[in-house]
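Take this structure, written in structure tokens, and hold onto it; I'll ask about it next.
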Amino acid sequence: MSEKWLRLIVVATMILLVELLCRVGVIPRMVMLAPSQMVVELAEILRTGQFSADIRTTFTNIAISTALSIVLGFVAGLIIYSLPALRHALEPLLASYYAVPTFVFYPIFITLFGVGSASIIAIAVLLAVVSMITATLNGLDRIPRVLRKTAQIYRMSRAKTALLVELPATLPYLFTGVKLSVAYSFIGVIASEFILSGAGIGYAIAYAYNLFENGHMYALILLVLVTVTIVNTILNMIDRRLQARRQR
Amino acid sequence: MPRLAGTLIVLLTFILLWQGFHLLVGSSAIASPLQTVVKLGSLLGTGEFWLNISETMRAFVAAFLLSLLGGISLGIVLGVRKLAGNVAEPILTTLYSIPKVVLYPLVLLCFGLGISAKIAFGVMHGLIPITLFSMNAIRQMKPVYRRTSQVMRLSPSQSAFTVILPAILPEIISGVRLGFSLTLLGVLIGEMFASQRGLGFLLTSAINLGQIDTIMAIALLLTVFAVSCNSLMMLFNRQLTHR
Amino acid sequence: MNPAAAGAKVVTLKQQPAPVEAHATLRGVTRIFQLPKSTLHALGPIDLDLAKGEFFSVVGPSGCGKSTLLDILAGLSAPQAGTAHFEGKPVNGVPDGVGVVFQEDASFPWLNVRDNVAFGLRRAGVDPAEIQRRVDYAIGFMGLKDFAASFPAQLSGGMRQRVCIARTLVMQPRLILLDEPFGALDQQTRLLMGDELLRLWRETSATVLLITHALDEAAMLSDRVGVMSTRPGTFIDFVETGWERDRDSRVVSTPHFGDITARLWEKLRVEALKIMSAGKS
């Protein structure tokens, strides 16, 4: 509990420090707005609904990308797990996967899917899906052999074993994959919008930057930071609960 | 070695799929593997391309070194100081999962358009994973190692270099591998958004001009570079741990 | 409670006696593992008859195929040669009426103690009232009443193993197979768990086969102990302990217990030395 408070104090102090530096003019208004002003600006754009369409586009894309990554990653993980030869061959590639700067493939998706949500979702899925595959493989690897033997002792069918023993045993590991899929979907969608798109929060931030509209820009940046923090905190809470059950 | 053969087969399959895709959608949408390699060869023959490479590499090397030194030292401090580590960890994981692009305008406003903004942006990407991995390496080190070095009456520096460092190095290298990739990504994104030089800039201009073969040639170059460096680090790690 | 047959002679037989009523049998059972470059003759040929209601232990050096023997009897793996029978029927897959307790912690971390214990009954579609009754009994019997709502991660290793035993007990098995169930526990906990096991055995009148590497455990708990050789594992000795059915861990203080243990060690020492000199262990 005291650690929690300490953390709150650290974060609050940093925000207050920035607030102070902005107020006295050490950080010029041209560079950064005071945090309190950001909040005011955010409330303002949420009230007027000026960016509602962009916000909706972005969060829809993130949701679709997350769902696709989780489902595709899980299924791919199952398939790779059931084919040891394929897995053997893929493993060195999977280990190097995050070394590939995925965003450079964005133009290729544009030629395939056109400019718009489909390309953005494709790039975000490309970024997020591998963490789900890795998490699935990891979870399946770590089902203790004795649990499968136990299912055999109860003379359970293959399907029942998968549903009642293997799935719950892998769940904590799968959730790690879910967490990463969410984070990478956020990064993939917003970064794609930022660099090369005509809609969404990322685009709106880049647009506001180019027009020197610092008020809008910081309001949207704050919106992203707050959303990610909230989502992250909730996921971590669920994660901690799942991990507490994991022993061995 | 059969493992290598399998991987080669997968790569070959990938190239065949690429070629098939190319035949399906046509040259204007996807360059063929051969076209891409030829284009890359001709690009590498021009001095201007090498100028852009060196521009990107300068920013990348600087950002990577800063992430490396900063991340490892910060990680060690947070790993040794339990309370500081516990307080910092959730903050760091949240920072890790935010899309850092949204902060790029702030970086540009602070550092201006130029190499320092790219370096700063690269560090923002690479620093946190290296810090997190180094911190956890220290925290998860078996306490028996430290006790053994005490029993052997090693001096603090002896214990640090002969026991602790070898014990935590594999974890740290994993962090460095991730940090390496993300730093590169950060520098490239920086160049793609706002720069007049570098591979990222070349990518953006090729996108705007619709030069699909140039885009794919650069993507291939970057992929080969990143994957080879990553493989070297993995190999080094395996040598080190005798696994 | 009376340390039974103090001073009785240890009966050692080269051939096992013909059991009154064979509950489970192994005939010529052999297990061979195919390795990439060679074959490993792990076990056999093994002949064994378990009498109904007998407490039989297997001791042997590490790697002699004790666990493989149990797997074959449980129907978890099939022998290359020979047959296994349970209640007159050949073993083909896990037979009805067989319960197994493993050395590893096999409790399900995502279920609390009560749900862990009830798991098998629910799979078998037993009527809920009956499940309730049997689970309550097993939880009480294993001293888990205060922990019924706890999750395994909150319990000690010994308590988790109690959960696994309770989970086996509720199924009312007629043959209980235990694969070094107390191997991961400390010595004192092991002795006490041994008492629990004896109590359970008397209560259920099930046939028990216990695999162990601990000589004292085998000597204290069993009616009969089979000693196995190094790989390929075969039985080299059978020792009748002659304990009364109503015994507990206090028999360790009797001279007779010393005699049995000495007898077991005499045979096993030779085998253990073979392994050590071969540098395998």
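As written, the chains take the letters A, B and C, and residue 1 is the first residue of each chain.
Just so we're on the same page, a contact is a pair of C-beta atoms (placed from the backbone, for glycine too) under 8 Å apart; a residue touches a chain by one contact, two chains touch by 3 or more.
All of these numbers come straight from a predicted model, not from anything done at the bench.
In a view that ignores subunit C, the other chains are joined by touching into one piece. Chain centres here are C-alpha means, and the one lying farthest from subunit C is B. Closest to the protein's overall CA centre, chain by chain, comes A.
Counting C-beta pairs in contact, the chain pair with the largest number is A-B. Each chain gets a centre from the mean of its Cα atoms; for subunit A and subunit C, those two points are 49 Å apart. Measuring from the averaged C-alpha position of subunit A to that of subunit B gives a distance of 19 Å. Centre-to-centre spacing of subunit B and subunit C amounts to 54 Å, using the average Cα coordinate of each chain. The residues of subunit B lying in touch with subunit A in their complex are 2-3, 6-7, 9-11, 25, 28-30, 83, 86-87, 90-91, 93-94, 96-106, 108-110, 177-178, 180-182, 184-185, 188-189, 192-193, 203-204, 206-207, 212, 215-216, 218-219, 222-223, 226-227, 229-231, 234. Here subunit A touches subunit C in the complex through residues 144-147, 149-150, 152-156, 160, 164-165, 168-169, 171, 244-248, going by the rule given at the top. Taken in their complex, subunit C has these residues touching subunit A: 74, 76, 93-94, 96, 98-100, 102, 104-106, 108-111, 119-120, 123-124, 151-153.
Remark: subunit A residues 3, 6-7, 10-11, 30-32, 85-86, 88-90, 92-93, 95-96, 98-108, 110-112, 182-183, 186-187, 189-191, 194-196, 201-202, 205-206, 209, 217, 220-221, 224-225, 228-229, 232-233, 236 touch subunit B in the complex.
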